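A, B, C and D are the chain letters, set down in written order, and residue numbers restart from 1 in every chain.
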Amino acid sequence: MSTQPNHQHHLLAQWVSQYRAATKEGQCANYIPALAKKDPNQLAVAIVGTEGHEIKAGDTEELFTLQSVSKVITFILACMDRGLPYVLERVDVEPTGDTFNSIIRLESHQPGKPFNPMINAGAITVSSMLAGHSPQEKVTKILQFLEQIIGKQLSINEEVFQSEWQTANRNRALAYYLMDSGFLDCPVEAALEVYLKQCAIEVNVSDLAMIGLVIANDGYHPLLKKQLFPKQVAKLAKALMVTCGMYNASGKFAAFIGLPAKSGVSGAILAAVPGHAGLHSPFPTGCGIGIYGPAIDPIGNSVAGVQLLKQLATEWDMTIF
Amino acid sequence: MSTQPNHQHHLLAQWVSQYRAATKEGQCANYIPALAKKDPNQLAVAIVGTEGHEIKAGDTEELFTLQSVSKVITFILACMDRGLPYVLERVDVEPTGDTFNSIIRLESHQPGKPFNPMINAGAITVSSMLAGHSPQEKVTKILQFLEQIIGKQLSINEEVFQSEWQTANRNRALAYYLMDSGFLDCPVEAALEVYLKQCAIEVNVSDLAMIGLVIANDGYHPLLKKQLFPKQVAKLAKALMVTCGMYNASGKFAAFIGLPAKSGVSGAILAAVPGHAGLHSPFPTGCGIGIYGPAIDPIGNSVAGVQLLKQLATEWDMTIF
Amino acid sequence: MSTQPNHQHHLLAQWVSQYRAATKEGQCANYIPALAKKDPNQLAVAIVGTEGHEIKAGDTEELFTLQSVSKVITFILACMDRGLPYVLERVDVEPTGDTFNSIIRLESHQPGKPFNPMINAGAITVSSMLAGHSPQEKVTKILQFLEQIIGKQLSINEEVFQSEWQTANRNRALAYYLMDSGFLDCPVEAALEVYLKQCAIEVNVSDLAMIGLVIANDGYHPLLKKQLFPKQVAKLAKALMVTCGMYNASGKFAAFIGLPAKSGVSGAILAAVPGHAGLHSPFPTGCGIGIYGPAIDPIGNSVAGVQLLKQLATEWDMTIF
Amino acid sequence: MSTQPNHQHHLLAQWVSQYRAATKEGQCANYIPALAKKDPNQLAVAIVGTEGHEIKAGDTEELFTLQSVSKVITFILACMDRGLPYVLERVDVEPTGDTFNSIIRLESHQPGKPFNPMINAGAITVSSMLAGHSPQEKVTKILQFLEQIIGKQLSINEEVFQSEWQTANRNRALAYYLMDSGFLDCPVEAALEVYLKQCAIEVNVSDLAMIGLVIANDGYHPLLKKQLFPKQVAKLAKALMVTCGMYNASGKFAAFIGLPAKSGVSGAILAAVPGHAGLHSPFPTGCGIGIYGPAIDPIGNSVAGVQLLKQLATEWDMTIF
């Protein structure tokens, strides 16, 4: 709290510069051609507080796709559209320790209900539940929800969407398996279209930070002064981010960083710091954090991004534990 | 905070009385003869704050064994004895979604390192690492550590220990598998003796609450005014309690209750409420909670205990999220 | 051998009558609407020897679809079209003990090569390898091959094909998974069309018996006096029928009946009795057996069919062991 | 048949000399110190026919331990001691495709019944069932049974037994798991003592061949002119050897060699050629084959032994298919 904004900004820039070296330890997601082309050396961070004050550093203008970060958003939307009991009947909220695209538990744990909404199987199920009679209607709902939060219209990166759509065989396998088990609420191709389009929504780190801020504030948008989604859903989303948000490194992330966060293979990380978790930080009433670093580790998390976030959390004493 | 201590005490007694009905939905652990004899209708809770004030209700004099709650304690001790890197080389900190006694991942995920210290495989590994040249030395260390926290000497329920020792075939299978993979630091029978003796340590709910208080306070004992274990270890313990503490219902517990907690098949639950998670509660500087309700669900958690804890967390707005 | 043909025929009729009672222990496959409509009380058997002599009993005029029995035929064809090394590079020949539609091993045993051609994953892979630039060309090849063996043109039951095509979600999941792992030789929908059309080819028990005869004779058609496929491929097909032919009851079938056989969920069973396995039977130079009994057990095998085949094998001392 | 005995003997010597080169592709089992010391270049074969005529070549005087080959013998004995229904209630006869020491299916397929007697879990269960009130009594029964077959007393290699006993952690894990599930008929340590002693019984290739001969002849000893065990048990043993006898290469062995066989990590292979499977061979009334080649592949089968057996089977047209 004693840290001056300028000083914070300076620190942030210094850390970005320091952790940019770590980008060399990872590489851009290579199974999606459009992601493989990104510059692996990039790193960016933005933090926005409850009064709208933002600090940022690095490649903050860079646009990137949400990928798995979108899973948090559609989970919140599905809870609003269908109510919590309906959603929880179709997707559990237990962590697994499995890779994001694993299909084994759908068969090994009958009745094949996906274990949580943060792995692909659960996320596709969630996307199928969104209100709307067509993929387009569902996607429009997602974009409108994000526009409410961020205050500007986002768009879908068509090249990324097409690239993923062409290579979505594993996700198709998951979706057909879910359809066979009765867990999809709309046809397979429609669910996949929604899921892959939500993954291809383009943002920058400031946009991510703003989403994180509203989640941190239990669904209340501190600038709009408006409750956008129920507190209970926000708490649940944060719990899921902690137990399952960082793929099968979620346990280690909770252990060593201790913040609700969700990563994507684009190198995006969204973190939500509730006020009480940031009491002794420069953001004592909470903040949202957006990070981008496209060089990812084999598990799918931004290498430099995770290290930068650990630095922030440690130095500024931000933790929910 | 506006709630008067007397009023809180009254409320607590009322809730215990209300949730005692839920004990009928579970039953005492029947695979351990000594546990099967317990009175399934019992329910007790104790809460202790940073200034030593305690409120409690129900069968608070009842003694019960720690069972899996002891896993948190030995994990903390192992980290103190061996250092974090040594411990983490032998046991991971990832949640699994598997049952507590599952053996599958030891084979399916090479090199067979146990996924976390809260499942039996991980806990046995941790017990094998404790300082001490004999099981007795290791157990003595555990008892001394607990005496420091609680302020009185605890003892081992010999009947429970003998009962579990005789029926420990599944745990022996886990231990021999771990030995084969090179993850045990002492002979199988020694590791099992430590593990089963720590499980048979007898406490009441006030004792549990005091352990929870020190963990809540990051290892600092607010009454002794002494740091008993490093803050980093305490944070890690709380993260593990959130991601893996309630067996394969940990995800749901985090989602709907949102507190670091660890359960045992004796019906014990230990919860640690950090100050920031209880800011708007009657314990604004944090507290420890001990619960006992021996009627457990098929997953291993006290049925009435979980419901009572949910009531407390909800009514008093205690959550880390 | 001493048994007179008339006597054999009489015995066969008597056994069919006796084992028809066992049809009550099973039920028609209910996940395929067109199969669910079949009369569960039906039972039929035909046996054809190397000199073309046939004995048969029961509902021998009934037409039914090949279903999984077709997997043997396409495996033989793929070996002829591509050569054994090519085929074995894409599908292994190991039994699994898993259900026919299991997907787990594709993920748990890298590189995800299907374990054998008798489970769906392996059979779809095999169908994708058949010569032909379109599904129609591949299917035509299968029908021509069968026409050569049986001496008449078979046709595809369009209703069954459409029924399975509409409900093929689990098979689609398998196929997309295989495509993702690089094991399919043609597009998913093409491979599925071939696979589901081969499953829908209609035969009667005499047709099945004739196919069995040629396999029994190592690919040599004793009536046409012509080698239709290589001896090595026939031996391999018989080995696969023994180790994997009766779904996850193959081990028990080998143990208690001891003949190369392949079943389908339509209630079809194809058995091939090499000469040496029938030395002391009424067919001392070998025979083919076709059985039909649409009431199947939970594993997928005709309940009465298996019992009838066991009676035949035991009474007539037919076994490869 | 036209082949003269001398010529056969000459051929055999030539093949042994030829395939000895293949020993370089494997290595001696290194997890058992006493096996690791064996000479990896050794190779030996013996074949004995129904009239007692034997041909052999290579290191035929070398003694080696039965290891997993003993599983066939104890399975036959258990069936004699307890009756088939009793045995089959405790161990299934389905192949798995898993490694010999896998524990996963005991948990993943409830009720945890071992899948077949040829994997360690099943074999330990079988050993626990043998008649006898002590390990020594059970082992004595095994040795007496073998003495009846071979005509001489065999002994246990104490060094190998001790070596395996010290390092049997994985087998202990299996045994304790089985005990926990209720599948063991005697205490864990007793079952393991029997199992590891039977594995350490010492034979040479002629001994193995004689065991194979009796199994080939459906339990009838052609020299003693005596039925040593029931025909049905012999058929079942041969079926198990075909579906599960060569570890998780059993499918390929059946496909390309096509004889009932059982291997051990000592490099032993026992094969049983029923008369009808050798009709066109130099042993038209059947034979037993014993092979020894201690350099094994990663799956556990003698590298040169399998190739030599393939040569024999192919050249002499021996196959059950």
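Things worth noting here:
One rule holds in what follows: a residue touches a chain if its C-beta (ideal position, glycine included) is under 8 Å from a C-beta of that chain, and two chains touch if they have at least 3 such contacts.
All values derive from a computational prediction rather than experimental measurement.
Each chain's centre was taken as the mean of its CA atoms, and the one lying most distant from subunit A is D.
Inter-chain centre distance (subunit A to subunit C, centres taken as mean C-alpha positions): 49 Å. Work out the mean CA point of subunit C and of subunit D, and you get 31 Å between them. A separation of 56 Å divides the Cα centre of subunit A from that of subunit D.
Multi-chain contact residues of subunit C, defined as those touching 2 or more other chains: 108. Contacting chain pairs (ordered by label): A-B, A-C, B-D, C-D.
Remark: subunit B residues 92-98, 105, 115-116, 235-236, 238-240, 242-244, 248-252, 254-256, 258, 260, 274, 276-277, 279, 319-321 touch subunit A in the complex.
By the touch rule above, subunit D contacts subunit B in their complex via residues 102-104, 106-108, 169-170, 172-177, 179-180, 188.
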